[in-house]
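Dumping the structure here so I can ask a few things about it.
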Amino acid sequence: MSDKVKKMQEIAREILEKGEAKVVIGWEKGTHWYLSPPAFIDKPEEVERLVWDDFCHNNLSKYLKDYVNHEGKVAIFVKGCDSRAFNRLLQDKQIERDKVILIGIPCHGLKDQDKAKELGENADIPKAKKCVECRYPNPLVYDYFIGEEKALDEVAAASEARDFSDVEAIETLSPDEKYEFWNKQYERCLRCYACRNVCPACSCRECIFDQTRVGWIGKANNASENQFFALTRAMHVAGLCIECGECERVCPMNIPIMLLNKKLIKDINLLFGPYDAGVDVDGKLPLGHFDKNDPEEFM
Amino acid sequence: MKTVLKTKLPELFEKLANNYTVFVPAKIEGISRFAPYQNGLELALEENVLMPPKDIFFPQTEKMYKFKAKDQYLEIEDLPPEEGQQVIFGVRSCDLKSIDCLDQVFLTKGFVDAFYQDKRDRSILIGLSCVKPMENCFCSSMGVDPQKGVGADIQAYDLGDKVGFEAITEKGRELLGKIETLLVEEAASVPAVEKFVLTADIEGVPEKLKNMFDHPIWDDICRKCLNCSVCAFVCPTCHCFDIASEVRGEDGTKIRCWDTCMFDEYTRMAGGHQPRPGKKERVRNRFMHKLRYFPERYDMLLCTGCGRCVAKCPVNLDITAVIRKIKEAE
Amino acid sequence: MKRVGVFICHCGSNIAGAVDCEKVAENAKSFPGVAFSTDYKYMCSEPGQELIKKAIKDHKLDRIVVASCSPRMHEPTFRRCLESGGLNAYLLEMANIREHCSWVHPDDKEKATWKATELVRMAVAKVLKNEPLQRSTIPITKRALVIGGGIAGIQAALDIANAGHIVDIVEKEPSIGGKMAQIDKTFPTLDCSACILTPKMVEAANHPNINLITYSEIENVEGYVGNFDVTIRKKARSVDMTLCTGCGTCMQKCPTKVPSEFEMLMTDRRAIYTPFPQAIPNKPVIDRKNCRYFTTGKCRVCEKICPTKAVDYTQEDELVTQRYGAIVVATGFDLFDHSVYGEYGYGKYKDVITGLHFERLINASGPTMGKIKRPSDGKVPKDVVFIKCVGSRDEAKGKAYCSKTCCMYTAKHATLVREKIKDSNVYVFYMDVRTPGKGYDEFYTRTTDQFGAKYIRGRVSKIYEKGDKLIVRGEDTLLGRPVEVEADMVVLATAMVAQPDAAKLAQMVGFSYDQDNFYTEAHPKLAPVETHTAGVFLAGACQGPKDIPESVAQASAAAAKACGLLSKEEMPTEPIVSCVNEAICAGCGMCVPVCPYKALDLKVIQERAHGKTITRKVATVNSGLCQGCGACTVACRSAALNLKHFTNEQILAEVDALCL
Amino acid sequence: MSVKEAQANWEPKILVFACNWCTYAGADLAGLSRLQYPPNVRVLRVPCSGRVNPQFVIRAFQRGIDGVLVAGCHPGDCHYVTGNYFTRRRYLLMQRLLQYVGVDPERFQARWISGSEGPKFQQVVKEITEQIRAMGPNRKLRDAQ
Amino acid sequence: MKYAYYPGCSLSSTGIEYDMSTRKVAKALGVELWEIPEWNCCGASSAHLTDHLLALALPARNLAIAEEQGLDMAIPCAACYVRTKATEVEVKSSEEMQKTISEVIERKYTGQSRARALLDVFVNDVGLDSINALVHKPLKGLKVVSYYGCLLVRPPKYGFDDPEDPQSMDKLVEALGATPVDWAFKTECCSGAHAIAKSEVGLPMIEKILAAAKESGADCIATACPLCMCNLDMRQGQAGSKFGRSYNLPVFYFTELMGIALGIKPEELGVNKHFVDASGIIKKLNEAEGRRETA
């Protein structure tokens, strides 16, 4: 067992024994070696279930929404992306800071589950795509911290610059080629809403896609409705997406959802100045304010 | 047994396609599913496909009829009937069993669904045996024989570089006759099934669940669920649907679309009341339906052990683990 | 089943000339929900309106579409028609088939008729989803608040008070009077500023309808037009206003000397003080930051000496909340801090002063008793240089705008120097001389011709000290030559800028301000004293640089607007406002910053869920503030916010109807 | 009518979301001034361009509109003070997103048209109509009906 | 501490003592100067008056070489500094310009490597405390006016010090033990090349600076620019005779003063190359030193 896992379990045990929180949310081993799904630990004796390995993909902060009316505190483990998700939910007033105990873990980048399954346990498994481009591997906010502070620097140093080449590749296509590409992607969308439900930027009480009575979207599954869903969701998370990449990971149809989200991130940065969602809790949202000197193209 | 080289299968499908719509397992845009055979299609015969054959009989979106508002009345107009026979090749035992489940729902107990029945009647099923269970397969635990499914018109066997055929029904025999020229009669033994990675002990579970509606186990099981519908939409047996109208001015179409007990709207009543308000109620319903309610009504499980939900669940909410927890529960 | 009536207007031949109105009426009959459809020559005429009213009755119509001219023209007419026909006014929709159809497509009757039909179809689809809306009224509190007690605030308060309404003036300093009290003479008449200001101050103080709330600041503003709930922080004066007689003994005996802000720090005041002798109220306050008792715990001299025992060290800040019907904002201006100008010495040269310093230097009650003496050594300056546009018309270091008053006050200063120091030389460096105003240019001409001030057109690039002189180096652009002046004193015409806390107050009250933090009028031409927030008006230099007559004029204008509002008992409200579906609202607050009227806020509600009582936050719309723009509805991702009369459902229905 | 005939008789349909205070008034002025333009535009009145939810735009394309114009007051002139600044932010993004998924740039446009700019309204809708006519019917994002 | 050293053309000719003293002082302070191999002209004056892109591209090549080494550039000459800084600022603010420039110079320059004035490096990177600690021979009693010239701290967006009243050189000479004298001509123009081409314009400008320095009571002038040095030192006699005055004000590069205080022999620093004889000052300093030692 690695020192980190030991430390994790120690902290969790301490929190539960002292009664600081009633539940600790972490990760545990799942059906296969390459799966580390979320775990909910209520009792000190269960802390041994907790793990930290290359597959702790799930962004745990989203679960805090389930504990809004929970009595007492909830403790959760946060990677860089989980902490940004936490900040986002805080910014959306969906959770209260003092009802949560955050245990920060610097993250070296997780491994690709599909590749892991394909290549086997002893192979050199590549990083998950979302982790290759990660720029915030360290938790931005935490009450406890796993590992040494210097690990923060190491991890931060290892993180790479944001890469928009995939977005740019699509931008260079002709309109018809673009449409063909996206139409193909969304033709196969099941509208299972896994992307939405896993997304920490989606904090609505009732999503408009569930409001059939208003008639935003039809129940029918076809490329047109599915693209309404895709574009609307992209606009709804514009300026809020923290690039955890969970939407794309959980999509059973392998739709490159982050290509849409990254396009908006790229444009927001280009048009309105650098902005990273979930970093500054007190900052203004890109679509929540304006600048009189915003680019003028509509003359 | 009548056999054909796997490399010759396209030729065989080509021939059948003259008279039938031939659904074969194929990989399209990286997703494996049943698709009408056409030249150049990338076949996916190594493993079972991600999307089950369910949507051939029960499409995700199905038009039912058209209507037109006139003065204070509605005029109903039936859609032109679909015609032609279809062959579905390569249905694994778990999916054959799932069709059996769907048949129960849509064709028995005095409730016959005309849309389903029509498609079902026009279909000839060719099963395909499994040799190496996939990592998430546990069909044998659910009482399914991976070598020989139920309800197939023809059972095909994976013989390595060849496929062997065995007619089960009259329809099947007739179909085999049509491709006889491509088949070779030879003695062949079906290879034994390899060991399953995943298993589940279902013994006594449906009975035990009768007294577990209020069991605290559900509080724990439900917690990581996201209430998405990946599991239901990749499930070969889930069959809930919702009927809706698409209205454009005076004209409208009634459609029915897959629905799932994971969604908020599924049980929300007209007045806004929500009897299954949270994850717990919805997750409980899903497993209760699969493992208790369905067996109670139709005397069969509503899980065939295909493992698709285990593979695709974003949070690894594994039904075999749930079964284990139910077994262990006090 | 809803029953829509459709009425197609010919507008004489205005519409019928290009659109086949009979055909449009006929087409409309088949639209879902339409129970009656007809056309008529002039729908807006008396018989036309009667036709509609009769049809409502005869055909049991419950909503109406009128296809005629622009709704911007006759929507009120037909709304009244519906009301008198017994329907709610908001069950009307109009299809604009004149301005948007017949008039612009006069030559293609077929296409115009096609378009008119579609416009009617859109209107029908929308009206099917219209809801009856009720206009309501809000009561008006007959009391006005004037924020700022300078000349603008005093004038506005006097005008409102004279109209018979109660007015409170809130002033942050211990005395009213503002910047005008510091000024010596006023241009172009050179009459004494105090002589014309103090009578106004006294009048305000004695007016039965005016309450002075000095040494106080606005803490919070809630509510909306007619009903602003304003919390005022009355800072602790440490002197009981009811006991103090203003005898001034305490101010003589106080041992602590503090540089006087009123005198631009050029002389001292005491820790217990009134800002200037004519202060109103003429009762002192204790400056607790500098008071010996408050800093060391010992002293209490003023307490001992006070004959009426008015000194009270235990006083605390007091928060009072009062409801007002109207607010006049008259918070004035500040002066540009010229220390950003390195070329003028970063403010470190003692004899480089601002115009306001100069006002105090020449004021008979100022630190030098009206003798012009330079601050460094008290010498009477012989050579005085004035530099205009310091901080104004300078995008690099200051503000882009023209500060408007500096040309005139510099001319005034130049005149006064020449008048008081006979053998003096006055140099004025300028970019332009701008003197639009009654008697202004004549005054400037006198300054140069009669008083001999030397105007040099050019900027000053550097000032440095050489011995006891200041070397002012610049360029005379008319001669095209560098010039150097050896000066004894330099006076900078620093720009008028917004008060440092201007933005904070605007955010509190809820109106907008420009990039320089000056308050933005509702319309630069047609609503120059209103703000975008109903019931809030602007007076004086808080809106932009102004001289005294302009400030006074605007103050009276703002007062007139306020009086107009206060003269009513109540005012009607438009029901087209946003509303919140609390069941859906997640309380994320994304709508709040989008609202320009501060109409959105979050509130806590209680509800039962899963058998427990829980509290959660939801958005709430203040329908008194909401103007119905609908920006919030788009910010709301879950569509919990909707705009009445322009709901999501209605707009979607219009889009759908158009696409058939 | 056969499919071919329908195609031959195709007329572009263009939806204009117009704010009540500027662009709608501008369109009224175009009418008052009898400025002619093609009969292919339909003006949908909204209080402010800030009311135009991007979802309305996608919906229009779904249902078969060939081009959408969102128009409002010039920045700084908004009747509701700041509404159009939000419109500008939102649609700078939306426009790029639509182009990114293959919608031709001509099909979605945004313009500032004031109440006094009747001629501009005329010119803009003329231009858009001609552009769209040259491109033919929009099939992208469109539902099968 | 390591920097890419860019001496520029003046430092191998008229300003050779600036180069000598810089290298000596840097060594003494433990600052490693890696001279940019094959450095090219910064393009001063001529390039930016003729072609904007050329003016940016010339320094960009030097910066690119520095960037390849992962080093910031240390630049003694004020003109070289301001031209190089201009390139850095432009590249950082415009991605497009960055691409264009990289294309022109056929090297990648991303704006990572920064242009630094040598004075900035010594004062802000090495630090006044560290310098002070290394002072062997404090310049006790020496009154110095710091003359920054017109380029070193301007325009404000390039500068590392106040554009109107800079302080870094004043603080530096103070750290060396000398007495900085405040004056109003710190950033006055020395007339640049006018002194050569239009002496009737140039000489009065030089004269004003010298007069102000003299009037302030200073013993000498410290400077950071080879052209300023030329004008104030070489043309001091010319300016003086034109106005009938004699100033006798030695002018030093600040690096020379540093060298002297650090105990380096004046000849090694090139002090003997001045036009206005500085030996008097050196002598006085030595005498004071001697007195202190014997005392």
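In this document, chain identifiers A, B, C, D and E correspond to the written order of the chains, with residue numbering beginning at 1 in each.
Just so we're on the same page, contacts are C-beta pairs under 8 Å (C-beta built on N, C-alpha and C of every residue); 3 or more make two chains touch, one makes a residue touch a chain.
Note that the structure is predicted; figures quoted are calculated from it, not measured.
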item: Chain nearest the overall Cα centroid; value: A
item: Chain of greatest Cα-centre distance to chain C; value: B
item: Chain whose mean Cα position lies farthest from chain E; value: B
item: Chain pair with more C-beta contacts, A-B versus C-E; value: A-B
item: Where chain D and chain E are represented by their mean Cα positions, the distance between them in whole Å; value: 62
item: Intercentroid distance (Cα basis), chain E paired with chain A, Å; value: 53
item: Centroid distance [mean C-alpha coordinates] between chain D and chain B, Å; value: 46
item: Interchain centroid distance [CA atoms averaged], chain B/chain E, Å; value: 82
item: Residues within chain D bordering two or more other chains; value: 54, 59, 63, 82, 86, 90
item: Per-residue multi-chain contacts in chain E, two or more chains; value: none
item: Two or more partner chains touched - positions in chain B; value: 246, 248
item: Complex contact set, residues of chain C against chain E; value: 342-343, 346, 462, 464-466, 471
item: Residues of chain C touching chain A in the complex; value: 515, 583-590, 593-594, 602, 609, 612, 614, 616-617, 635, 637-640, 648-649, 652
item: Footprint of chain D on chain A - complex, ascending; value: 170-171, 175-183, 208, 216, 218, 222, 224-225, 227-228, 230-232, 234-235, 238, 260, 263-264, 267-268, 271-272, 286-287, 290-292, 294-299
item: Chain D - residues contacting chain A, complex; value: 54-55, 58-59, 62, 75-76, 82, 85-86, 88-105, 110-112, 140-144
item: Parts of chain B lying in touch with chain C, wherever the complex brings them together; value: 69, 72, 248-250, 272, 277-278
